[in-house]
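Chains here go by letter, A, B, C and D, matching the order in which they are written, and residues are numbered from 1 within each.
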Amino acid sequence: TIRHIFKTIFAASLQLQKKEEEASLLVSRKRHPEDTVVEVGPVRIGAGVPAVVAGPCSVESYEQTRAVAEALREEGLTLLRGGAFKPRTSPYDFQGLGFDGLKILREVADEFGLKVVSEILAPEDLEMALPYIDVVQIGARNMQNFALLKAAGHIDRPVLLKRGLSATIEEFKYAAEYILAHGNPNVILCERGIRTFERATRNTLDISAVPILKAETHLPVCVDVTHAAGRRDILLPLAKAALAAGADALMIEVHPQPEVALSDAQQQVNIPEFRAWLGEIRRMFGAVV
Amino acid sequence: TIRHIFKTIFAASLQLQKKEEEASLLVSRKRHPEDTVVEVGPVRIGAGVPAVVAGPCSVESYEQTRAVAEALREEGLTLLRGGAFKPRTSPYDFQGLGFDGLKILREVADEFGLKVVSEILAPEDLEMALPYIDVVQIGARNMQNFALLKAAGHIDRPVLLKRGLSATIEEFKYAAEYILAHGNPNVILCERGIRTFERATRNTLDISAVPILKAETHLPVCVDVTHAAGRRDILLPLAKAALAAGADALMIEVHPQPEVALSDAQQQVNIPEFRAWLGEIRRMFGAVV
Amino acid sequence: TIRHIFKTIFAASLQLQKKEEEASLLVSRKRHPEDTVVEVGPVRIGAGVPAVVAGPCSVESYEQTRAVAEALREEGLTLLRGGAFKPRTSPYDFQGLGFDGLKILREVADEFGLKVVSEILAPEDLEMALPYIDVVQIGARNMQNFALLKAAGHIDRPVLLKRGLSATIEEFKYAAEYILAHGNPNVILCERGIRTFERATRNTLDISAVPILKAETHLPVCVDVTHAAGRRDILLPLAKAALAAGADALMIEVHPQPEVALSDAQQQVNIPEFRAWLGEIRRMFGAVV
Amino acid sequence: TIRHIFKTIFAASLQLQKKEEEASLLVSRKRHPEDTVVEVGPVRIGAGVPAVVAGPCSVESYEQTRAVAEALREEGLTLLRGGAFKPRTSPYDFQGLGFDGLKILREVADEFGLKVVSEILAPEDLEMALPYIDVVQIGARNMQNFALLKAAGHIDRPVLLKRGLSATIEEFKYAAEYILAHGNPNVILCERGIRTFERATRNTLDISAVPILKAETHLPVCVDVTHAAGRRDILLPLAKAALAAGADALMIEVHPQPEVALSDAQQQVNIPEFRAWLGEIRRMFGAVV
C-alpha cells in the first residue's frame, strides 16, 4: 500500500539521519580520524604500546596496597588501580574505605612513582577526590548515571568509562559522548564483559566490541579481563585475545593474598601469578607499560 | 577426593549463610510477613485495589500535562506521572524541563487533587525536588546508583524503584534493601521489562518477577507496561497479565498527542486510548485507584 | 552522501519486501483473518474455552500414567501429555521409554477417553508413532530441526510446536510456516519461556509473545507454565497471566509422586496440587477443557 | 533450621556428584589428559598448527565452488567448506542444492586435493552423504538434535559440532558427549557466537569458551568468525583473538562474488579479501594449514 511505502521511506530517512548523527558525534572517528592518546604521567594509552592497569579490587590497608604497588614498580608499570568507593550489590557488604582508601592509594603511588586509577560513585565526591586520583573510573553500574557523566565532563582528569552490564556498543559510545560533550576529551573505553545466559564465566567478554570501538571511535580501548572472566584460570588467554583484537590497555585485579580479600576473592591473582601473566603477555606482544 | 568434599561442604555452608542473610533482609517477607501498604494521599498501594500511575513520558508544557491530569481526575485516578529529569541515551536528546517541569507537575496536580510521581537522577536534586514530588521514582538505569539509593533512604517520601535492564530479581531486592536500610520503608518495586535477545518488544516483561517479588518481599509491586512493551498494541493484555499475576499497581504513559511527543512517541497512548484501556481493566478486575 | 542515500533506499525497500513477505505467510493473520481452531477429539483449541494439557514429564510406568489420566478424567479434561522420547542434555540421563511409553499413553488414554500429546524427536519415528499420538509435540530444542518440521507438515495430526530457547517470535512464526507450507494447517504455538540472564526461574516466560502471536498469526497459542517457571510455587500466577493475556491453552506437568520422578522432579506438581491449581483457574476464568 | 541444613547438604552432595560425573565424561580432559588430534587427510587439527576451514556459505554452482577451491590450493590449504543442505529460517529461502551440492564439492575437492566439510541436517541423509564428505558438520540449530548426534556417533568420519545459539558451555560438552558415547571419538568443537542483546554483531563471539573448552575437554576447538561477526570488517581481529586464546582452527566463509551470493551476502569475503586476511594471520601466527 502507498501508506506503507511512505512510512518506510520515513523510517529510512530517520535511519539515515541517525547514521549521520552518529558520524557527527565527538567520539566518532569519522569526525576525528586520528587516535586519541590519553596521557597519564609517562604512559601514553592508545599510542601503540599496551598499557596494564593493575591493583587490588578494594584498597584494604596501606600494607596490602603497598605490596602490589611495589610489584608494579619492579615490573616497570605505572598504573595502579584500587577501589576505595565500592559499588556492592548488598548494603551489608564491605563498601570500601572511601577517602581513607584514596589517601592510601595516593601515598603509595607517590612513593613508587605510580599513577592512581580509582572509581568514583557520586558527582559530589568527584571534586574532593581529584587530589588523590589520576584517572577517574566510572563503573559499569554507573555507565548511564548521567549526572556523574556530566560531572566527569567538567574535570581535567582522564576518565576510564566501563561498559554497562547490558549496554549496547551504541549506548556505550553515547555515554562517552556525554563526557566529551561536557568538555573532557580524555576518555578510555573499557569493555568488561556483558551479561548473558552463560554462567561458566561471570560475564561474557564481548571481544568484538574491541575492533568495533576502535573503528567507530578515536578513543583508546581497555579490556578488564578480571571482571569479564570472574575466574583466574582464563585471564591469560583473554588478555592475549584482547591485545590481538586491538585493545590498547588491559586491566587486572591483583591482591597479595586473594584468599582473604574483602571482595572478589575468587577472581584476583596473587603477585607471583600476576608476574607470570605479565611475562606471558610480554613474550607474545613485547613491551607493556 | 577428600579436598573436594571439604570444598563442597564449604560452598554449601556459604550457600546456607546466603539464604539466611536473604531471609534477614529488611525487605524479606520472612522477617516481615505482613504486606507493606504505601500510602500516597488517598491511594493505598498494596492494599488490594489496583493502583494506576499514568501520565506523559516527559513533561513538555503546562497544557500538555493539564490535559492528562484532567483525564485522570475524570477517571477517578490520583497518581500522575511525568518526567522532568529525563535519562536519555544521547546528550543531544531532550533532557527534560528539570525543575520547571516539576513545578508544572505540582501546579497541575494541586489543581486536580492528584499526587506526583517523578524521576530524580542525582542525589543533589533530591532535597530540592521534595516540595514538588509525592513519590520519587528511581529509574532502571539508576537501580544500582548506590549514592542515589542511600539518599532516597533518608527522605520521608515513598520511592518507586524500577528494576534495572539486566538486574536479577535478587539484585533488585538488594537495591530496595539499600533504601530500607537507610531509613525509608516505603518502597514500591516496579518491574519494567528486562533486556533480552527478543526485539518484537522493547524489553521482555518478566511476568514471573511479580509473584516472586510478592512472595519473597512484603513490598508492593508495580508493572510498567509501557516500557516493557515499547509498543501500544499489547498494553492491554500486558496489564491484564500483570494484575492476574498479582501486581498491586500499573504504570502507563499517556500523552494528549503521542505523535508529537518529545520522547517515546511510539509507545505512549492518547487520552481516548487510555480511557478505553482503563475500561477494559475495570471490566476484568473491578475498581482501580 | 548520495551513495549512502541509495543504500538506505535499498535497505528500506528490502524492509518493505520483508514486511510484505511476512504478511503473505500462511501463518499470517493478514492472509487468514479468522482464528484457526485445532480440534482434538471433543476439544476445540482456539475456540474460546481454555484448554489444559496435563501429564507427567516422562512416562515411567502404566500405573504412574494411569493415576494422572484418572485425575484428568475426573476433572473433565481430555488432553494427556507424557514424554516417551525425552530430549536430555546428557546421554546418560533417562532417555524415555520410547515406543513402550507411547503404548502406555495410548492404552491409558483409550481407557479414560483422553487424547495423547507427546513429543517426537526424529522424522523417522513420526510415521510409526502416529497410531499412538493425537497431537505431535515438537520440542524447543527442535524448533529449527527443519527435517522434522517438514516431516510434520506431511502428517494428518495436529502439531504443538514449542518456541526455541533463544528463538525470536519471528523465527517461531517461520518455524510454524514450515509445517503449514508442507501441508499441515493444524499447528498450536507454545510459548515456554526463553533463555535470559535471570536464574530465579528456569526460563523467562515471554508473556508479550502471547498477544503478539495472537495478533500476527491465526494459530492457537498455548503457554507451558512448567518449563517457563521451573518451580512449582508460581505456576498459578503464570497460568492466570497467560490466560489474561489471551492464551488459548495451558500446559502443566503433573506426576503422582514428583519427588521420585525420573526427570524434572523439582517442577512437577502432584495430583492434589494440580486440582487446586485447576480450581483457581476455573474460579477466575470459568470452564476449561 | 535443621531441615534446611539437610537440604543444603543434599544439594551439596548432588553438586559433588555432578562434578564427578562431568570429570568422568568421555570428552573430559580429566579422563583423557592428552589432546585429541583429528586427522583430515594431511591436516592434523589440534596438533599445534592452526587449521583454516574456508569456502562459500552455500554451494551454488560448480564454477563458484571451483574458484574458491583453487584459491585454497594456491594458499596451501586443504579444508573446503560449503553448504549443500542449508538450515534456513524461512521455508521460502534457498534451501541449498542438497546431494547435487555435495557432488560438486566432492568433484572440486578431488580435483584440487582438498577435503570437504559440509553440514548434514537429518540422520537419514548421513549415510548417503558419506561418500562426498570428509568432515560432517552439525550446525548450531541442531546442537541438541539428539537423533542426529546419535547417528553421528556411528559414522567413521570426524564431526565438526557447532555450539547452539543459546547453549551453555556445559550443554555443548554434553552434546559432544552424545557423539563420543555412541562410538565416534573424532569431534571438533566449534564456537560460533551466542545470542545476546547486542546487535552490532550478528552473534556475540564467546571468546572465553575457547580456553574453557581447551581446559575441560581434550577435543580440538574451532572458531567460526563469520557467523560470530556477521560483518566482514572485524573478521581479522576476531581470528587473531581466537588463535591468541588458544583455538586450533578457524572457519571463514569465502565467495567469489559475495554481493550476488544466495545466502549470507553481507558477511562473506571475496577471494582477494580472504588472501589478505590469511596473510595477516600468517604474519602473526606463522604457518596455517
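The rule is simple: contacts are C-beta pairs under 8 Å (C-beta built on N, C-alpha and C of every residue); 3 or more make two chains touch, one makes a residue touch a chain.
Treat the numbers as computed from the prediction; the structure is a model and nothing was measured.
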| item | value |
| --- | --- |
| Shared chain contacts [subunit C and subunit D, defined touch] | A, B |
| Comparison of A-D and A-C (more C-beta pairs in contact) | A-D |
| Chain of greatest Cα-centre distance to subunit A | C |
| Subunit A-subunit D separation of Cα centroids, rounded to whole Å | 33 |
| Between subunit C and subunit A, distance of the C-alpha-averaged centres to the nearest whole Å | 45 |
| Contacts with two or more other chains, residues of subunit B listed in rising order | 166, 170, 195-197, 199 |
| Complex contacts: residues of subunit A adjacent to subunit D | 166, 168-170, 194, 196-201, 204-212, 215, 228-229, 233-234, 237-238, 240-246, 284 |
| Contacting residues of subunit C [partner subunit D, same complex] | 21, 87-92, 121-125, 141-142, 144-147, 165-166, 170-171, 174, 177-178, 181-182, 195 |
| Partner subunit B, residues of subunit D touching it in the complex | 4-5, 8-9, 11-13, 15-16, 19, 166, 195-197, 199 |
